[in-house]
Structures are given as C-alpha cells and as structure tokens.
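Naming follows writing order (A, B, C and D), and every chain is counted from residue 1.
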Amino acid sequence: MKKNKPCPQPLKGIIPPMVTPLLDNSTLDRKGLDRLIEHVIDGGVHGLFILGTTGESTSLSYGLRRELIELTCAKTDGRVPVLVGISDSSMEESIALAITAKDAGADAVVAAPPFYFSVGQEELVDYYTELADRVQLPLILYNMPAHTKINIEPETALKLSGHPGIIGIKDSSGSGVYFNKLLNIMKNHKSFTILVGPEEMMAATVLMGGNGGVNGGANMFPKLYVDLYNAAVARDIDLVLKLQEKVMEVSEKIYNVGKSDYKYLQGLKAALAHLEICNGFMALPLSGFGQNENDIIKENLKNITD
Amino acid sequence: MKKNKPCPQPLKGIIPPMVTPLLDNSTLDRKGLDRLIEHVIDGGVHGLFILGTTGESTSLSYGLRRELIELTCAKTDGRVPVLVGISDSSMEESIALAITAKDAGADAVVAAPPFYFSVGQEELVDYYTELADRVQLPLILYNMPAHTKINIEPETALKLSGHPGIIGIKDSSGSGVYFNKLLNIMKNHKSFTILVGPEEMMAATVLMGGNGGVNGGANMFPKLYVDLYNAAVARDIDLVLKLQEKVMEVSEKIYNVGKSDYKYLQGLKAALAHLEICNGFMALPLSGFGQNENDIIKENLKNITD
Amino acid sequence: MKKNKPCPQPLKGIIPPMVTPLLDNSTLDRKGLDRLIEHVIDGGVHGLFILGTTGESTSLSYGLRRELIELTCAKTDGRVPVLVGISDSSMEESIALAITAKDAGADAVVAAPPFYFSVGQEELVDYYTELADRVQLPLILYNMPAHTKINIEPETALKLSGHPGIIGIKDSSGSGVYFNKLLNIMKNHKSFTILVGPEEMMAATVLMGGNGGVNGGANMFPKLYVDLYNAAVARDIDLVLKLQEKVMEVSEKIYNVGKSDYKYLQGLKAALAHLEICNGFMALPLSGFGQNENDIIKENLKNITD
Amino acid sequence: MKKNKPCPQPLKGIIPPMVTPLLDNSTLDRKGLDRLIEHVIDGGVHGLFILGTTGESTSLSYGLRRELIELTCAKTDGRVPVLVGISDSSMEESIALAITAKDAGADAVVAAPPFYFSVGQEELVDYYTELADRVQLPLILYNMPAHTKINIEPETALKLSGHPGIIGIKDSSGSGVYFNKLLNIMKNHKSFTILVGPEEMMAATVLMGGNGGVNGGANMFPKLYVDLYNAAVARDIDLVLKLQEKVMEVSEKIYNVGKSDYKYLQGLKAALAHLEICNGFMALPLSGFGQNENDIIKENLKNITD
C-alpha cells in the first residue's frame, strides 16, 4: 500500500479529466493508458483526474474502475496528484471505490451528487457530509447538473467547505454566473479549490480568481491548456486571447462534429485515436464516431496541429 | 441453482414494485422482507418486482442487491413470478445482476435506460439489443424519463419487441398520450406485456387494453389494487370508479405529505412501518420522514383503513 | 351587441380547438373559416374553442384575433357554445380580448397561465382571481405546461374553482396521473368542467369521469371524436376500442410526419388543406409542411378516410 | 417625428435594462421614469434598453409600452442611444412596436425569440430574417433561453449577422461556454455587438472581448458598473477584482432575498423604491416584496451604499 501525501490546497492548474482508453466494453487499453499519462505529464499538467464524465466512469464495471485506479496511480508514481472519481448512485459503492483509491496512493476523490434520485440541497449536505466522514482521502465536490439533474448551490458548497475533509469543487455547469457566485461566496476560504470544467471558459475563470481547469482538451494538447492557464495567472491578456483562439478552435473543430448530445466526447476520443495516443473505443451506452465523422476529425486535426 | 420456468406472456395483473425493507444503508430488514412478501402474495398480486425505483435499487450496494434477489426468490418459491430490476449506468453490472437473478430462479429482468449519459433512440436500440443478447432471462423495458432523462419512444419499443428476449415494457412516464401510443403501436403483438407504473392511471390503462399495473400502493393494500384491476378487466365501470376513489385517497393522503420530490416514496415507507409490515428506513441519498410527517401519515392511514 | 346566454355547466362533449385558417400572417381565410365552422357543427360537436394553441393564437395580431372572434360568433350564431382563448403574457391584453368576446356573444373565455415569466402556484391563484374578477364571461383554466413552463397544480385548480366566475379547466398536459388527480380533487364539484386536450387519452378520461375533449382531430373528423365520446359516456367498451383505433390512426398518420416539435399542428393544417376545408398556411414563427411531407399527408389521409 | 441617428457599431459599455416604473398594472410612474433616466445617465451609462425582461415588457399593455417608448426617447433626447425591446409572440405586434420606436427616435430594437411556440434553429433564422427585413431600425438578437425555451445557437447568430439590419446580440443565458463560443464565431465581425446580460459575469466577458453589459444593477448603481466595465477594458485586473467584489455584493444582498424565481427583479425594484428613484410596484403576474423582504432589502442597501 502506498503512503498518501497531503494533497496541495488549493489544487491549481490544469488537471485533465482523463479519457479511459478501452479496447472494448470491459477491457482497458493499457498501453494507451500509459501513453496518455506520459503525454499529459510531458505537457506539464498539474494533476490527473480519472473516472470523471470524460472518463466514462459510470459506464464501466467496478472491476475495470479498480484496475484503472491502480494502473494510473502506479504509472504516475507521485509525479502529479491523482484525483479519482467515485461518483455513484450508491454511497456504499462510492466508498468502496475510495478505499481502492486510497490504497493505490491517490491524492483525492471527486464525487458528483447521486444521479438517479434528484434530491434537494439539504439532502445534498447530508449526503456529502456522510461521504466525507467515511472516505479517507480529501473530497472534491463535482457540480454536473446536465447529468445529475441537480445543482450544488453556492450556499451548499459554502456549508460543505466547513467539513475538514471537503477541499474543493469542480464546476462543470458551464454557467458564468454560478462560477462567479462560487468565487464570491468562498472569497474568505482561499485554500478551498475551485476548478472549472469547460475549457471554453477556463481563462475567464482564472482571470477572475479561479484555481484552474479540468479541461478535456488537455488529453490531446496538454501544453496549450497549461500555457493558457499560465497566461491567465500572469494576467497577460494579449497572450490569453491568442491562446484562447486556439482553444476555441479545438472546441469548434473537434467537439462540434456530428449530432449526438455527447459529440464532445466522441470527438475527443476520435482525435486521441488519430493522434495515436490511445484507442478511440467508447463503452456502451455511448458509441464512437463512424467513418464519416472520423474523417472530418482527422482533417480538422491537421489544421489545428499545424 | 433453481430451474427457471417460462415467464407468462403477456404478464398480467398487479405486480407491486416492492420497497426494499432496510435497517440501515447496508442492512436488509430480513424479517420485514418476509412479511412484505407474504402480505402482498396474500393480497392476491400476480407477481413481484424487486429493485425498481420504489425499491431504491440504485442507492443499494451490489452485495445487498444480490442478497435481496436471493432472499426474495427463495421466499416466493415460485408462487408468483419474480421480476428483478437490473437498471444500471454500466451494462456490465446489469449483466452481473441478471446472472444472480437467473441463478436465484427469477422469472424476468427489468432495465431502465442508462441514467447518467443521455443517449438517443438509436443508441437505446443498440443498448437494449446487446443487453437482451447477453442476459439469459426475459427482459422488460422500463420507461422512467423523470429519472433517466430519456423517453423510450413507442417506435423504439416496437423495434425492440422484435427481439425474442424482450417481452414487455413497464411505463412510468405518467403520460396518458404515451401509454395509448404504446398500446396502439403494439396492437398486433398481443403477447408483448404493457404495464403502467402510476396507480392513479392504472384502471384507465387496463380499460383501454393495458396488461396491468406495477403500483407502489400494492405494497400496502395489495387487495385493493388487485380488485381494481379485476374490475377493469371485467369492464365493471361502477366498481372501477368506486375502487378508484379509494386508490386516489391513498395517493392524496399517503403520497402527498411533505415537500420533497420523493414524498411518494417517503409516504409509502412510512405507511408500511405504521402498518408494521417493515422498517421505514430509507437509504441515502433519500431520507425518511421526520416525526411531524410520520404523525400525519399515521392519522391519514386510520381514515383509509377504516 | 349580442346577449350572452348562460354557459352550460359542466360543459360536455367534443369542443374542437379550432385551427385559424389563414391566407398569410395577417389575413384570415374567411371562406375557410366558414367552411370549417359548418364542417365541425355538421359533425355534431358540442362547442367551439377558438384562439387556443391549435389556433396559433399567440402568433396572431390582436386585430386579427378580434376579427376571428367576431366572425366565429356571428357564423356560429348560438348553435353551439363558443369558447374564446384570451391567453396572453399581459393581463390587460387578455381583458381587452375578453371584452371583444363578450360583445361578440361568446359563451366563455379560456386562459393559460402567463407564459413569459414563470410564476409559482400562489401567484397563479392571484393572477386567475384578478382575471376572473375582471372578465365578464365565465373563465376556463387552461393547463399547458409544455408552452407555459408551469403546471396548474390540482390544489390550485381546487382553490380557483371556488371563484364563481371560474367554471372549469382544460388540461393539455398529457399526464394521466394529473388528470385523475384533477377528477379526484373536484369530485364534489360536479358542475366544474374538466376537459382533456390530447385526443389519444380522451376516451380513457371520459370513462373515468371527465367531461369531454378539446381534440384537434375534431377539426378534420368531428363525427369520429363525437362518436368516441358518446361510446365512452355509454360505457360501450367494445365500441370505444374500435373507435380509439381510428383515433390512434389519425395520431400516427397525421401528427407524426416530419421532425419538428409542432408536427402535430403542421399535419393537422396540411390535412385540412387536402380535405379542402381551409388553407394550410401557418403564421410565423411556425411554418407549414414542404412538398414532401404534404405528399405523405395526402397519401395517409386516403387510408384514413377509406 | 424624430430623425434617427445611425446606431454606433458595435455598441459598447453599460446599457441598463431599465425597470419600468409603475403606479399600478396599467399606469406608468412618469416621475419615477424621469428620475431613473437622469440617474443612470448621470452615472455614465452608454445607452438605455427599455422593455426587456427587467422592464417587465411582456406583462404590459401595448398602450403602456408605446407610452414608455415615447417618454423615454423624449426624455433621453439623444444623449445616449435608446434600445427598445419588441419581443412578442406575434411578429405583427413586434413590428408595430418597432414602428413606434422608430417614430419616437429610438436607435435600435431588441427581440427575443418568440416565446410560446418553441421553434428550431432554421425557423429562428426565418423568423429573424423576416423581422429584420420589416423593421426600420437596427435589430439586436436577444438570447434568453430561461424564458423563451430556446437557445439562439452561435451558428444561427453567425448566419443572422450577415443580414445588414442585424447588428448584434445580447446574451442572457448566463453560460460562459456559450458566450465564448459567440465571441469566437464572430471574431471576424468586429462591428457586431456582443453584450452580456448577467452582471456577475460582465467583467469576465469584457476581458475576453465582449462589448459590454446589459446589467440590471446599473439601474441602482450605474457608476459601479461603468467603472467595472472601464477597468475591464483597461485590463486593470486588480481594479476589476475590487469592483467585482462590490458587484457580487449587490447580487448577494439584493437579488437573493426571498424564494421566488424572480427574486432578482423583486429585489431590484424594492431597492429602487428605497433609493427613492421610482415606485417598486410590479405588474401581474409578478408581485413585489412583502414587508419582511422589503425590510431586509432596506437593511442590505445600507451596507452596500456605505
């Protein structure tokens, strides 16, 4: 068993929500995983987040999730913090995953609200309090209303920030209003981590005081997002705008192909396959692109990487 | 290992979505489970459905789900068909539950669409086709858009009905339009089971050709729902309206207390505790009623059972 | 000025939500309107409802709405009650329309909740109370959550039924649960009218005690819906199921062509044009079918009218 | 009739969405309106936007809207551009309002998508194209999905920007992702105005290239928002963060009192009454604060204005 180092507080920078490289529904692409980890660490990322939405966590068996946790922690070997998603409709299963994460040497766990039943803010406080009481790694809240049908209200996040085990929040709502409310309500809790999911708004949030981004594009182009983050921290607006243009090009050319509600993820996995980083297979219920969309991604990638 | 009998087609009548009696988040109330099973079978129900939404399936650990499957099948011992919910965000875990169900002697499995990612109708067809290919018990579709964020369109149900392993659908959308579209599109497939979830509309659906109800109230008052079903089958409208009044009284007095989005389930479990059938504990993220609401349920129950 | 007769309470039967025949965005198809009125009255309908959703009310100028009210009342000439939609985001404009309706001799007005701002149930009570205080015709509530983003809760309808000017509700939610709750909560107010919008569930609601249907299909085939209503009132289930099959055929073949969210209305207007009853033009922001869908409707109509 | 000057392109800065001062549902608070106009112009705002959501436009009669347009244009007398909301479910009525606006000397009109029927992106293009063809003032798109149930997709905005009469967009979605996509897709159309509604994210959007804010708080504290806008334009991040703190204090203390879905507007109007700028009455279906909430606003205001 690994000894867990204290997790930095606040966590800062670019922490990619890692895709899960798969050969099929129940088999990891282990070589792809190794390449992906090296690729993003080489690109200068500040941590890894596995088993999030981008990692198709909820589609994977628990066996595969445990395998992924162990392999990722071993391969990363302490070079950067590893955050492990434990979101589940059943708290007992979340806790079981957290034990695996701790034993493997992970640095923190990340949990979205339970996503079958829709509960209110009071139940959310109870839920996260019990979860934080029972997991033995620092816990990061994960706001993801599009999938969970519930928003973690800023007041709820403030209440939960009083728990010593709850160290931050990752917001994937996409709302600029919500994010600025979070920043404001936490303004006297500077060690509380506030990260944004969607890369299109990462620079803006960092300029306003956010701690960084959990941006899917960093799977492909880690350095671009790290550079943008650094430019925002340095308040170099000219550079921010120049790099932002590149980030928006990725958004437009890779995440906007096809017609499905999860075309972001299809484009990302297709691009990673074209870049020969890892297999593009997607676990059910999702499915990867067909030939036509794959060709578009291939063509679009050329323009971006030029 | 039990030998599985062929499941009746179509399934007909009242098949209660069984609550899961719990002592705490991870412990079954085994005695309560035994009492509940005897209670509903004594009331004349035509089958049991465990691990649905009313059974808080998604809140329970897999260990507890397996235990519940085995105990229920053993206790029921073939007196009525047992349907087992295998809804999960991960198909691999659904299949693991289906194996447990088959080995325990269950008669069919029931699966809602995956509920974290929202997929389209084409992906739904692929998902259910693969699931039906891989499970070794008859499969019933479970339409539950409030929780899964997706509707199984009538056309999708029709396509899936062509799979020999898919034998029916349980609709909990609450939509009278949807249900009548289902009845119409399946009118030449009389062996395909069409059951309705919400008891408030059960009688109307049976009058129009539906096969029965998966009605939560049958946990408490199985005979009432069986009688209403029989009256609808017999087209005895006077009796239907008389019993419907009683069913609506349950809906108004038991499911409409308090303010939460899941007051239906809170009321049902509280009533079952007052009726001394089983423990009223609810698994996280849900929570049972406080004293105040419990007192109201107790008082309201008196009026109903008079 | 016409003298207004007392409106029957409850209103019963089939009251078509009349399409608004148009030559262009701001010109009534007056001849089509005349033909349509005669067509549905010949078919035996129990009343007319103009300026509802099916009448594209909110897309029309106030001038055109006033013209339509006056022409319809004059042409109907007291043969059946005329209900006039006055739904508006501004109460002052609703009241102005109600004055026109009264002066023209209409029998009742119908109002959905205000549809730009989403208000709560308390504000709804205040809103409808003031509206009923100020209009001089009986007022019917119009539940249409898909367009107004708000549900008129059964408890709210019960409260409002205490106002002497509020005589009923038309429910277009499509929910079988909601409708049965309405029937139950109003069970001691037998003079309060409860009508259902979607024709697919009309027969079921009448069997359970509803007063009738405001069904779009009655623009095309008034006799079919009147016959189905009568069969349900007579509790002739065999006949109900036979006619229901026809109604569902209309739903499937006329309302399910194309891909838009308002294909119901496109199909209905296209069919009325093919039947040479009135022009199929639709006011902005909606648009009528193109040639391809029109051809499908034409072909499908043949099968239905055979 | 006033002569209309060419509208600046792009429009820049703080353009308050003016509340509509009312004495009752159908009477303007004319003195309040005068004071409000002088107050915001004194505060340095770059334009006025009347008859938006904050102006309760859709709740007002057309007569009152016309009166407001004429009074506002006369009082402003060309000191800053006046933008007039013409959003309506009926295009004919939108055009009638635009004629009034032009005759009164307004500089541009602003239109949200029609808000009863939900249409698709193609119909939106047709709708706005015809609207722009027919109004004789520059037209600004108004993205307000919470009220209209429809998002103006960035691709749709790009298409519409090709129409010579369409000069910009005001986005009130609150989405940071959406806004950055807008900025990116319009990056080669620098004269196209892109304004943000929610003040909580105004500074961030201006830093990233947005043209300014249509911020409700500027009714109360115009100088604060103008200063924040100027700081963002000057890229003075320290000053931005200092003023942003004040803006968030307004958001927290004025817009977050009570429980209604429109507490933002209730707080704003209550505060304007306490500041003795104009009457706090709200038109039906909305209602102003009760005594309790009014007292909280009064107390909270003291802290802010200190």
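Note that in this section a contact is a pair of C-beta atoms (placed from the backbone, for glycine too) under 8 Å apart; a residue touches a chain by one contact, two chains touch by 3 or more.
Quick caveat: nothing in here was measured; it's all calculated off a predicted structure.
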Q: With centres defined as the mean of C-alpha atoms, identify the chain lying farthest from chain A.
A: C
Q. Where are there more C-beta contacts: C-D or B-C?
A. C-D
(Q) Between chain A and chain C, what distance separates the C-alpha centroids? Give it in angstrom. (A) 49
**Q.** Whole-Å gap between the CA centroids of chain B and chain C
**A.** 35
Q: Name the residues of chain C that each touch 2 or more other chains.
A: none
Q. What topology does the chain touch graph have (line, ring, star, complete, other)?
A. ring
Q) Which pairs of chains touch each other? A) A-B, A-D, B-C, C-D
Q. Which chain D residues qualify as touching chain C in the complex?
A. 25-26, 53, 58-64, 89-93, 96, 113-120, 123-124, 126-127, 130, 147, 149, 260-262, 283-287
(Q) Help me check something: in the complex, which residues belonging to chain B touch chain C? (A) 174-181, 183-185, 187, 198, 200-201, 203-205, 207-209, 235, 237, 240-241, 244-245, 248, 251-252
